[in-house]
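All chains are identified by letter, namely A, B, C, D and E, in their written order; residue positions are counted from 1 within each chain.
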Amino acid sequence: MEFTSTVTEKKQVVPKKKYSPVREFWVNFKHQKTAFFASMFILLLIIIAIIGPSIAPYDPYKPDYDATLQGPSSEHILGTDEYGRDIFSRILVGTRITLSVSTSSVLLGAIVGTVLGIMSGYFGGWLDRIIMRSSDVMFAFPDLLLAIAIVAVLGPGLNNVIIAVSVFSVPSFARLVRGSTLEAKENTFVEAAKSMGAPHKRIMFKHIFPETVSSLIVFVTMRIGTAIIAASSLSFLGLGASPETPDWGAMLSMGRDYLGTASHVVMMPGIAIFLTVLAFNLVGDGLRDVLDPKTKNE
Amino acid sequence: MFQYILKRIIEMIPLLLVVSILTFLFIHMIPGDPARLVAGKDATLEDVNRVSIELGLDQPIWKQYVTFMGNLFKGDLGTSLKTGLPVSNMFADRFMPSIYLTLLSMGWALVIGLIIGTLSAVFKNKWPDHLGMVTAVSGISLPGFWLGLILIQIFSVQLGWFPTGGAEGWKSYVLPSITLGAGIMSMLARFTRSSLLETLKADFIRTGRAKGLKESSVLTKHALRNSLIPVVTIAGLQFGFLLGGSVVVETVFSFPGMGRLLIDSIAFRDYPVIQSALLLFSIEFILVNLIVDILYSTLNPKIQYE
Amino acid sequence: MRKANLWKMLFFALVCSVLLVGCSDENGGDSEKGQKGSDKEIVIAVNENFISMDPHNTGDTNSNSVQSAMLEGLLGFDSDGQITTVLAEDYSVSENALEYTFKLNQGIKFHDGEEFNAEAVKVNIERIMKDESLRLNSRGFNLITSVDILGDYEIKVTLKTPYSAMLTRFSVAKMLSPKLIKENSDDIPKSPVGTGPFKFVEWVQGDHLTVERYDDYWKKGERVKKITYKPVPENGSRIAMLKTGEASVIYPLPAQNLQELEGNKDIIVSKIPSTIARYVSINTMKEPFDDVRIRQAFNYAVDKNAYIKVVNSGFGLPLDSVIPSKTLYYVKQDVYEQNIEKAKELLKEAGFENGFTAEIWGNTNSDTMKGMQFIQQQLKEIGVTVEIKSMEEGTLSDEIFGAQTPEEAKLQMWYVSWSSYASDVTNATKPLFHSESIPPNSANTAYYKNTEVDSWMNEANSTGDATKQAELYEKIQSTIYKDAPWIFLGVDELLVGTRSDIEGIYVDPTGGINVSDANFK
Amino acid sequence: MSNKLLKVTGIRKSFEIPSGILGKKKILKAVNDVSFEIMEGQTFSLVGESGCGKSTTGRLVSRLLTPSEGEIWIDGEEISQKKESQLKKMRQKVQMIFQDPYASLNPRMKVRDIIAEPLLIHTKLSKLEQQRLVSEILKVVGLNESHADRYAHEFSGGQRQRIGIARALIMKPRLIIADEPVSALDVSIQSQILNLLKDLQSEYNITYLFISHDLSVVEHISDYIGVMYLGTIVESGPKDAIFSNPQHPYTKALLSSVPIPDPKLRKERIILKGDLPSPMNPPAGCPFHTRCPVSMEMCKTIVPKVTQVALDNHFVSCHLMSS
Amino acid sequence: MSEKLLQVEQLQTEFTKDKQKIRILHGVNFHINKGEVIGLVGESGCGKSLTSLSIMGLFKGTSGEITGGHIRFNGQDITSLNVNEMRKMRGKQIAMIFQEPMTSLNPVMKIGEQLMEPIRIHLNLNKKQAKEHAISMLKKVGIARPDEVINEYPHQLSGGMRQRVMIAMAMSCNPNLLIADEPTTALDVTIQAQILELMKQLQQQEDMSILLITHDLGIVAEMCDRVVVMYAGRVVEEANVFDLFEEPKHPYTRGLIGSVPKIGDKRDKLDSIKGNVPDPSDMPIGCKFAPRCTQVMPICLEAEPTSIMLENDRLCSCWLYDHERGEMHV
């Protein structure tokens, strides 16, 4: 057949650089300076999360009642808290808890939300209506009451904080994913799969889900920031992690009484939270520019 | 239009009924016995049981619900278990300040958010964009109570410009509304930016330029209005959240709002107050959605109400 | 509708919101608050919302404080928390502790012009007697069998059984205008009418409550024109208000912020020993806490002075008995001074050389969480690992009182505090240590059961003889202290911040704010 | 050759369209009493302007949609109301090719997996066997093995459409429903694909239901043609009959509207007035009467019946014919 | 008649992607006489739309820029105009209509408002006059109830109506040149026929020049006086419409015409051009069409042919017609 020549036509031209999707993403992402820098910061955080306990200069739990509320000094570079614990060590050790609580709660929320959202968008009809109306109710329902209920039923503790925070994010994820599902459903390749007789499960997870991934990733990074703040707000209301845990949010809320007298107790974890949330949001912004098909093309 | 609004309001009723049942079940499922809390720490079991009967808490839940709803239809929100005051009385003083605070926060967040977002989109990838986005993202990244406490330290204690709290006079609204609006402003700025960037790629923008329009009129007359549609959605959603009150901001600024009342009531398991407050929030939420829909139709002529 | 220009609408919305706020400004009254001069007002910032203005149904200190500006009882408390006469000129108790006779002051009028007399007292007492929903009803008043008017200004109250705290109750039960009770009882929780130095003006829920000088008050004196009470839950905000002068008095003054006020000549800080005992109750029926050595070891493990320094920012006294020092019949005990060696030895004797794991419960209050962490740190020294479970108040109370029998109880340790009137030693002991008070019945969360102590308490309650009571309470205190059903921590010292241009305001050991002589200097 | 592979009789499909946010639902009659049949190995084309219901008809036949009425017989089996679970056999026999080669291939799947997907769904073949079939089919459509491990977005439009065809071919279908398969392609590529489709037909005896708006393409590929207007077939018949002897005024106008790529043949066209009526609010009587240059009074009220024009299966629905 | 209205000379246009400049137009040359309809044909990606955007100076919001050559309009080099001067030119002297009448109109503005914008800017009319003018324009393009239509929104109109509105808008200031970029591609054939008819009619009425950009050779044959064929950012052939269809010179043009199915055409197989359009960032050396050409010669793979004037004022860029060098290498 004459078409075979299509293959040979490129012989005399320089081989074209066609990247795999992952590679292409990476190349584009590197151009996003701020986002790239922010993601390096997050990488640093992850490293700290892993090795934090071993590089911490002091035992983050060990009190020293003779050296409480000391300002930053050469001995304690970020000062000490109300029990004389080294704030720097606590922040280092707390990185793991803070990051894992926020990421796991967001991921949990994302998983549940995604499944609900895809089903809602894909099947439509009464299922859609039920899921969407319930998420409306969830939106209207004060987060805190939900948190209290969850913590009340499950008891306090980090795991339950994770559950509580993830429950908050389920409706948002469900909506987001439903939106992109409705969009993805319009793709002819979905129809093509249907015409081949592909089962619903395959269509939903093989064909539709990947279409939602890029907006999901963007949203996840942004939600992680929200989750850190949500978890710290729970601490503020005393519903968070066990109080001795060097979770940044808990440090922030326990330390707030000392804002006037020993402000470093609040400022240091506050700055840590701020920078981390900022970094996640910047990465999310960058990812959006790279991944979102709507803003991607020049 | 009027018919449409009426229809929407009628549609609210079954939804609210469902919400009321759900919330009623929900709040009764949370552990905690208001009778114990009413009776006091030093009360004996006997006292607690008596209080329980007195407050009608010994009744089956459905009966309590029927009583509550019955009173509600008579316009009676019930009596607070904690204070013994009519719930409507407790809401009266807090409702308007909450509304004002919400409007103010929303107002400035909308104006500044739109300005930052527009500038960022127009100067995409130039310094105003970077500056604007860092400002915006910072707004999201600051924990509310931290920002609030720092604002108090600077503007109340150090500079003495604004009171530390309360809800008397416009001055006392300044700091809480900044704290509350910061996150929303940021979100709106970001949405405005991306939405505007998208609109600026639309064909009709090119048409506008092909007509010989000035770039400024292309932006204001053609691009901005189109890009407001998604922004309105986000704004509406946030508005709904704000109306529910912000516990954190209300606590930091000792602001007499609905959020703190709700929290105090939750802590006390003050069922009638919680129930009424949740119902009120739901109504607000639905009304805000309605307003957003109407705003939609003014922004987007494609959507029509028949 | 579609014609409407969006920008116009947005602008309109903004203008509206500004206007609305502007209006609220006018409604909110004058903005000149906190200025000097006795015709101005004093602003008092407290840490929590007021719950109710019904004096017969109040359990919280702040509501009591506000009420005390407007209402007075037959009896009252002096600045040390001991009972004095107020509306009653004199009183007597029969020997069998069943009959209480009051002679009333004359010429006193309620704010609404009603006269204060025996009839008015009877209306008040009968209200409490009959209405079971009132908090005071279950606290003594349901024991009343009759209220007899002996004269226009003399009245006798008879009890079914002796109740040693009855005098304290009469001090708490403030008198309301009989007209209010009879005609507008719904208004009682909102706007009470009494005989006090100030009368009710307005209560904006969640924001403030204002009272105004009652010019016909029966005790003459110079007083400020107006007092406004504001609930300001955030510590930092309260202290900021004091500094900026927005508040003339703040209570409680957060101890950790005291340093901020150092060298500030405009602010006077006063320190009052309180009747608030801080302790950890230990479930004495649960292994291994049923061994007194373990409990004593815990007590030896804790450094009370460090506790006061770290948790209470240096303000407080060690709890050196089962009741605070201001409480009636208090007797100082031998304090368990911190002695890690001894504690470890006790543990070893009890068979826990290598320590064990225990759970401590508490509410979500930041002070509680601080205290629990401290206990955790201290017990770690003797090898006991403490897990902190902070629970939201309602849940916590369900967890504790949900257990119908001691066997069901999951509670091991509870970080908590107790406060009673200085004059009310019964309330400071019976609900906490009497075996009848074991949950769910009442607050004996140590599940402390000592038949001897039970009988001493019963005896003390049924006698009107003060010497006898003092004797019994001495035995009760020393026995319980040795049994160590608690980790005895400290007694709070209350801190009040006052602007230096204010006089005549003091806080009593229970935390009540007395303003009857409040004025600008 | 005389085996009827597809027979469609009287199918109808309506959609409910919510209008506005709360308006009353409107009924869109997308397909309104459509009947036709295709002999095995032949090409039947549905041609018409946007909104005429040709694509809906295609999707009804492929049972992506369920008809409200009517029968669809494929290879002797009636499938119009069968449930998805009962359609497995039919799905193997009938494959689709779509208009947009960009959207119809999952951008996140390798070409290999795209083509093998029907095998994965319908067969229990081993990975190896699947891959062998894929390589085979790639050659058939003019691609080669090295293309299999790339992603669809790395290909040009024509190549993508080849991938789409390969996917349709792999199950060795009897019927291919091609919905505007070349309208998104450049002319030079369009001819490649049309030629390929023709070659495949003669090689594998495939039957096509070809859907297009482009009369010149349709003329080139079809054996039989059905001209659709507002949900109904107004004229149908063998290609030559339709093109050389069009009877329905709409067919005539349509033919006349097509610009001929030859400046010497510039001619007076029949320019229809107005726009297509909304299918949500179709005119009474003959659906075409609002734009028909020769409409009569009766056309406004009476729906014309189908009449046979000549012996060779040429049918027209027009009052001009029946009178 | 042969007065040159627009001359495009050696036009080069580039885009920047990932900091790399990609040249899309490589020295495009052609001209338009007054009152002439020129067809610019080629497949997607050949640079025909970009040529029109270059003429209009519509690069705002893209990274495109003109990096070489001149565009003379009435003798004036418009590539040297500043932003403001160019803006005043757009819509007044050169107007443009686009492919998608749906998205080319602002969905949230009334037709009247959008129509009045260029009128008010360029003709200095007051609101009332502008409105009258707008209504008259709508009448001119055959819209039945112009008074109502000006108060309607784009979505309330059909595709054909919208394109009429676009034409009315473009024609409202009496431009000398109308650039129509695939004006009927999104429309149905019967509507397309209406619009083409309208354009023809208006062109004759106003004696306006039209640059008609299309991929549809049928439309070209129907509408144009002269045809410019583009391939890979270059003009490969230019000729009178009759000559071009009669005897296409460039192998590409020939392939293009051969691959279009014609009604009444009895060929069983269509001609086709093998392969695909090359990627602009990855162009072959020599003649860009060489890899797909059926008559490729060795020189084609080495050097790019230049434009050669043939009989009847035709131009063609192909080595086949360069009798000196072309034959040397055969």
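Definition applied: contacts are C-beta pairs under 8 Å (C-beta built on N, C-alpha and C of every residue); 3 or more make two chains touch, one makes a residue touch a chain.
None of these values were measured; they are calculated from a predicted model.
Participant: Using the contact definition stated above, find the chains touching both chain A and chain C.
Facilitator: B
Participant: Among the chains, which one keeps its Cα centre farthest from the Cα centre of chain C?
Facilitator: Result for max centroid distance from chain C is chain E.
Participant: Centre to centre, by mean C-alpha position, how many angstrom separate chain A and chain B?
Facilitator: 24
Participant: Rounded to the nearest whole Å, what is the centre-to-centre distance of chain A and chain E, using the mean of the C-alpha atoms as each centre?
Facilitator: For chain A versus chain E, the centre distance works out to 49 Å.
Participant: Nearest whole angstrom, what separates the Cα centre of chain C from the Cα centre of chain E?
Facilitator: The mean C-alpha positions of chain C and chain E differ by 87 Å.
Participant: Just the number, please: Cα centre separation of chain B and chain C in whole Å.
Facilitator: 35
Participant: Which residues does chain D have that touch at least 2 chains other than itself?
Facilitator: If we look for residues of chain D contacting two or more partner chains, we find 158-159, 192.
Participant: Return the residues of chain E touching two or more other chains; collapse runs of consecutive numbers into ranges.
Facilitator: As it turns out, chain E has residues touching two or more other chains at 272, 274, 276.
Participant: Where in chain B do residues touch two or more of the other chains?
Facilitator: Within chain B, residues 30-32, 149, 153, 157, 225, 266, 297, 299, 301 contact more than one other chain.
Participant: Can you list the residues on chain E that touch chain B in the complex?
Facilitator: Residue positions touching the partner: 56, 58, 60-61, 87-92, 95-96, 98, 100, 103-109, 117-118, 121-122, 153, 155, 166, 169.
Participant: Hey, which residues of chain D end up touching chain A in the complex?
Facilitator: Residues 59, 62, 64, 84, 87-88, 91-92, 94-96, 98-100, 103-106, 108, 117-118, 121-122, 141-144, 146-147, 150-151, 154, 158-159, 162, 164, 167, 177, 192, 196, 199 of chain D touch chain A in their complex.
Participant: Looking at the complex, which residues from chain A come into contact with chain D?
Facilitator: Interface residues on the chain A side: 1-4, 6-7, 18, 20-21, 187-189, 191-199, 202, 206-207, 210-211.
Participant: Taking the touch rule as given, give the residues of chain B at its contact with chain E in the complex, in rising order.
Facilitator: So the residues of chain B touching chain E come out as 200-215, 217, 221-222, 225-226, 299-302.
Participant: Taking the touch rule as given, give the residues of chain B at its contact with chain C in the complex, in rising order.
Facilitator: 1, 30-34, 36-48, 50-51, 54-55, 82-85, 89-94, 96-97, 99-100, 103-104, 106-107, 110-111, 149, 152-153, 156-157, 160, 163-170, 173, 225, 228, 251-254, 256-257, 260-261, 264, 266-269, 294-295, 297-299, 301
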